[in-house]
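To start, I am sharing the structure in question, which I have written as C-alpha cells.
Going in written order, the chains are labelled A, B, C and D, and every chain counts its residues from 1.
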Amino acid sequence: MIKMKDVVKVYDNGITAVNGISVHIEQGEFVYVVGPSGAGKSTFIKMMYREEIPSSGKIEVTGYDVPQLKHNEIPYLRRQVGVVFQDFKLLPNLTVYENIAYAMEVLEKSPKQIQNRVMEVLSLVGLKHKARMKPAELSGGEQQRVSIARAIANMPRVLIADEPTGNLDPETSWEIMELLEQINAQGTTIIMATHNKSIVNEMRHRVIVIENGRISRDDKEGGYDFEA
Amino acid sequence: MIKMKDVVKVYDNGITAVNGISVHIEQGEFVYVVGPSGAGKSTFIKMMYREEIPSSGKIEVTGYDVPQLKHNEIPYLRRQVGVVFQDFKLLPNLTVYENIAYAMEVLEKSPKQIQNRVMEVLSLVGLKHKARMKPAELSGGEQQRVSIARAIANMPRVLIADEPTGNLDPETSWEIMELLEQINAQGTTIIMATHNKSIVNEMRHRVIVIENGRISRDDKEGGYDFEA
Amino acid sequence: MTLKLRTLSKHISDSVRNIVRNSWMSFAAVSAVSITLLLVGGMLALLFNVNKFATDIEQDVSVRVYIDLTTDQEQRDELQAEIQKLETVESVDFSSRDEELENVISGYGDSFDLIDEDENPLYDVFVVSTKEPKDTKETAKQIDEMPYVARVSYGDAKADRVFKVTKGIRNVGGVIIGALIFTAIFLISNTIRITIYSRGTEIEIMKLVGATNWYIRWPFIIEGALIGLFGAIVPVLIVWIGYYGAYNNITPFLSGSIYSLLSPNPFLWELTALMVGMGVMIGSLGSALSIRRFLNV
Amino acid sequence: MTLKLRTLSKHISDSVRNIVRNSWMSFAAVSAVSITLLLVGGMLALLFNVNKFATDIEQDVSVRVYIDLTTDQEQRDELQAEIQKLETVESVDFSSRDEELENVISGYGDSFDLIDEDENPLYDVFVVSTKEPKDTKETAKQIDEMPYVARVSYGDAKADRVFKVTKGIRNVGGVIIGALIFTAIFLISNTIRITIYSRGTEIEIMKLVGATNWYIRWPFIIEGALIGLFGAIVPVLIVWIGYYGAYNNITPFLSGSIYSLLSPNPFLWELTALMVGMGVMIGSLGSALSIRRFLNV
C-alpha cells in the first residue's frame, strides 16, 4: 500500500527534516505518527501525496511511484489520497459546501451525487448548518472539521490527517476519532499525525514515533510516550 | 483590569457568537477559557483587543473603554495586550526574528533593546536556531511558538492566548505552560482559550466555561469538564 | 483537454462566481482593461483618420496638362478622350486660361490685377486625377507623349513634398499604433498576472485536492476572457459616442473640401471588433500564461 | 506624523526589504509603471515637437509690404526704419520686384516664363516677420498706415488657414496629453492598488500587533515612491536615447528650412523631471490612498 525506502528530505534552506525513513503500511492499517514539534511528521506525510518531493529514497503509494510521477499524473495520485491539512487549506472564496463540492467536482461526479455526499459528510462532522458560510466565518475547530469532511468526501483509499484534532475540544475530538475508526473499518488506510496523548493511548493502533527526522519506534499497538 | 458587562456579539451573517457575557478579571489572574468548538471562545477573546467590536455591552481593558475607542487609540490598547492568535498571524515575508522585532519596533524601542529581547524570547520558546527562517519554512508547532514569543516580547500587562498549545506535543506544551506560569507570576494577567484537558486539570487556575455564547461555569480553581 | 459539456458549464459558472466573489479585484482588472482599450481605441480612431486625411491630400495631387496654344476645340476633345482612356485615370477636368488666371490671382494675391485679360500669359489646362496617388508620375509621363500637349506637370516638387509628408505621417502613425498595441498587451496581461499571482495559494490548494491543470486553468482562462470582454464595453461605448459626436460636428466644416472623416459605419464596427478582440484575447491568454507558474506543484 | 530619524530610516529599510522580498510583485508593478511612462514620455516628446512645428509654421506667416512704385531708395530706407521701430517686429527683409517675379515663376511653375522682365507687373516688397505670430494682424494694420506703402498683405486667407490648422493640432494634442496623463495616473495607481490589496492580511496583522496607521503607511508610501522611481529609469533612458537618435537623424534634413526639432538640452531634462515626478507622485499617493481601506481595523 504505502512503502518508503531510505527516504531523506533536505529542504532548500538546508534543514534535513526527514533523515532516512523506511516503512511499510498495509492496506487498511490505522497508523499514528507522533513526535515532538518539528520532528518531521508533516514532512513525512507530505511526501506521500507529493506536496514535497524527497531528496532521495523511494516512495510507493497505492501503486504509484510517487517521486517519479509525471506532472500530469499527480492529480490522479491525489484523488486516491484524502488529506486533512494541518493548516486546513480551505479555499477562502468558496463556502463550506463549495469547498467540499470542489474536491468532488474535480472527479467530474454528477451534481446529484455531489450534493448528497457533501451534505452527508457535513452532517458527519456536525456542520450541516454552516454549509453556506465562508471559511473566515468559522471558528478554528469548525474549519478543521470542514477540512476533515473534504478529505473523506471522495471515500479515498488512503486518508492522511495531519493533526486533525488540534483545534477541537476533547468531546468533538472523540466524535471525529469514531468517524475515522468507522472509515478505517470500511478498509481505508489511515495515517494520522497527532499530539493527542489520550487519543493515542486509548484508541490503540500502530504508532510510529518520529524524532529528528528518523523513526525511533514503531509499535503495533503502542502508546504515545516517545521519551525514554 | 478586564471588565465585561452584558456583552453580545452578533456577526454580520446573523450568528450570535457571544450572547450576554459579564465577567471581571483582576490584574495578575490566570484564566482558562474552555468550551466546545464554535462556542464563542475566540470571539470572546477577540473583543478584548478589538479585533471584533461587540454588538452591545461594555468592555473595559486596562482602563480603555474598548468598544468606544477612537481609531487612532486602538494601537495603544493593543500594545498593552499581547496576543497569541489561534491561526498564528505571522507576517509571511518576514523572518522569525523580524516578525518578533516588528512588534517591538512599533513601540520605537532601541535596536539594541530589540535585538536582545528577541533573542531572549526565541530561546524561551526554543527557536533561537530558527531566527532567520520564514514562517513558511517552519512546522506548525514552531509557528505557534513564534506567535507566543511575539506576544510576550513587549512584556504586556495582559497576555491573551487562543489555543496556544493546539499544535504542540505534550512535552513542548508543558514547557510553554511553565513559561506562561512564570510570566503570570511576574504580574501579567493571562487569558488562555484551550482544549487541553490535562493542562487545565493539572495546572489549576480559574476556569471560565463558554457554551453557546454564554458563560455556563466560572470556577476559581476548576477542572476542564464542562459537560453535565 | 476534451471537455464534457457539464464540465464546461461548470467552468463558466465557476469563473463568473470568481469574478463576483473577488469583486474589487475584478473591478480593478476590468477598469485597467477599460482605460487601456479606451486609449488604444481613441488613438486608433484618430490615427486612422489622420491616415485618411493623408490619402485625401494625396488624391488631391493631380496632373496638369498644358494644352498647346494652337489647339482647336476638336483636337482638345480628342486629347481629352485619349487621356480618359488611360486605365489609371479617374477624371479629366478642363480649365480655360481665363479660369487659370483667376486662380493665380486669387491664389497668389492681387498683385496680378495688373495683368489684363488680353495679356494673359497662361495656357488652357486639363486637370487629371488618377485613381491611385501612386500612379501620378507614370500617368503624367504617358500624357506628355500625346499630341497637342505643350507640357505636363504634376507639381513635381509639391507632390513629392506631399508624398514625403504623408509617408512620414503614416510611419509615425504606424509606430504609434504598434507601440499602443504593445502597451495594451503588456498592461492588460500584467494586470491579469498580478491578480492571478495574488491567488497563488488558492491554485495550490486546488492542485492538492486533485484538480488537473486543465481543470484549474479553464475557469481562469474564461475569467480572463470575461474581464477582457467587460473591460471593452465602456471604451467601445465611449468611442462610438465620441466618434459620432466628432463626426457630426466636423463633417459640416469639411463639406465641399476634398477632406472627409472615415464614415462611422464600417469603421466603428471594425474598431469595436478590434477592441473586444484584444480585450478577450489578451485577457484569456494572459490568464493562461500567468497561471502556469502555479500549476507545477 | 512627526518622525524620529531612526524610525524614518527604519521605514526606508523596511520598504526596500518589502520590494526585494515581494520581488515578482515589485517587478510587475515597476514594469507597469515603466511601460506607462514610456508611452507618456514618447507621446509627449512627439506632441511637443508637433507643437514646435506648428509654431514654426505660424512664425513663417510674414507681413508683405508692397512699396509704392514711385518710391525712391531713400524713402524706402526711411520706411524700413519706421517698420523696424515697431515693438512687435522681429525682422524686415527687402525683396525687389525682380526677385519677386523669380519667386512667382519658381513657385507657380514656369508658365510665367512668358513674361519679360520689362513687363514685370509686381512691386518691391518688404517681408516683415513679427516676434509673436499673434501680432501679425495688428502689425500689418499699423504698417498699412505708413507712407510709401501701396498695400499690405499677410496672406490673409493662408494665414488664417494656418492658424486654424495649428490651433486644431494644438487642441487635439492637448486632449491627447490630458488623456495620456489621466491614463498614466489611473493605470499606475491601479497597479499599485492591486499589489497592496493582495497584502491586506499583512496590513491587518501589523495593526493587530499594535502598529499605528502612520507606522504602517510610511513604508508603503516609500515603497510606492521607489516603485515609481525605479519604473521611471528605463523609460527615461529610452526617451533620451531615442530622442537623440531622432534628433541627430532628422535635424540634417531640416537644416535650411524654417523647421527645427526642440533642442534636447532643456527639453529632455524637463521631460525627465516630468516622468520621474509622475512616477514618484502617483506611486506614493496611490499607495497612501489604496492602503486606507485596510487601516481602520
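Everything below uses one rule, namely that a residue touches a chain if its C-beta (ideal position, glycine included) is under 8 Å from a C-beta of that chain, and two chains touch if they have at least 3 such contacts.
Predicted, not measured: the structure shown is a model, and the values here were computed from it.
S.K.: Shared touching chains for chain B and chain D?
M.R.: Output, common partners of chain B and chain D: nil, no chain qualifies.
S.K.: From the centre of chain A, which other chain's Cα mean sits the farthest off?
M.R.: Comparing chain centres, D lies farthest from chain A.
S.K.: Rounded to the nearest whole Å, what is the centre-to-centre distance of chain A and chain D, using the mean of the C-alpha atoms as each centre?
M.R.: 66
S.K.: I'd like to verify one number: the distance from the centre of chain C to the centre of chain D, where each centre is the average of its C-alpha atoms, in whole angstrom.
M.R.: Those two chain centres are 25 Å apart.
S.K.: Approximately how many whole Å separate the CA-defined centres of chain A and chain C?
M.R.: So the centroids are 61 Å from each other.
S.K.: Roughly how far is chain A from chain B, going centre to centre by Cα mean, in whole Å?
M.R.: Once rounded, the distance between the two centres reads 28 Å.
S.K.: What are the residue numbers in chain B that touch two or more other chains?
M.R.: Not one residue in chain B touches at least two other chains.
S.K.: Pick one for the touching-chains graph, please: line, ring, star, complete, other.
M.R.: If you draw each chain as a dot and join those that touch, you get a single closed ring.
S.K.: Quick one: which chain pairs are touching?
M.R.: Pairs satisfying the touch definition: A-B, A-C, B-D, C-D.
S.K.: Touching residues of chain A toward chain B in the complex: what are they?
M.R.: 11, 13, 15, 34-38, 41-42, 86-87, 133, 137-142, 145, 162-163, 166-173, 195, 197-198, 224, 227
S.K.: What residues on chain C touch chain A, complex-wise?
M.R.: 4, 6-7, 10, 18, 21-22, 202, 205-213, 215, 295-297
S.K.: Considering the complex alone, what residue numbers of chain D touch chain C?
M.R.: The contact residues of chain D facing chain C are 24-25, 28-29, 31-32, 35-36, 38-39, 42-43, 46, 64, 66, 100, 104, 107-109, 111-112, 114-115, 119, 121-123, 153, 155, 172, 176, 179-180, 183, 186-187, 190-191, 193-195, 197-198.
S.K.: Can you check the complex and tell me which residues of chain B touch chain D?
M.R.: Residue positions touching the partner: 49, 51, 71-72, 74-76, 78-79, 83, 85, 89-93, 102-103, 105-108, 111, 150, 154.
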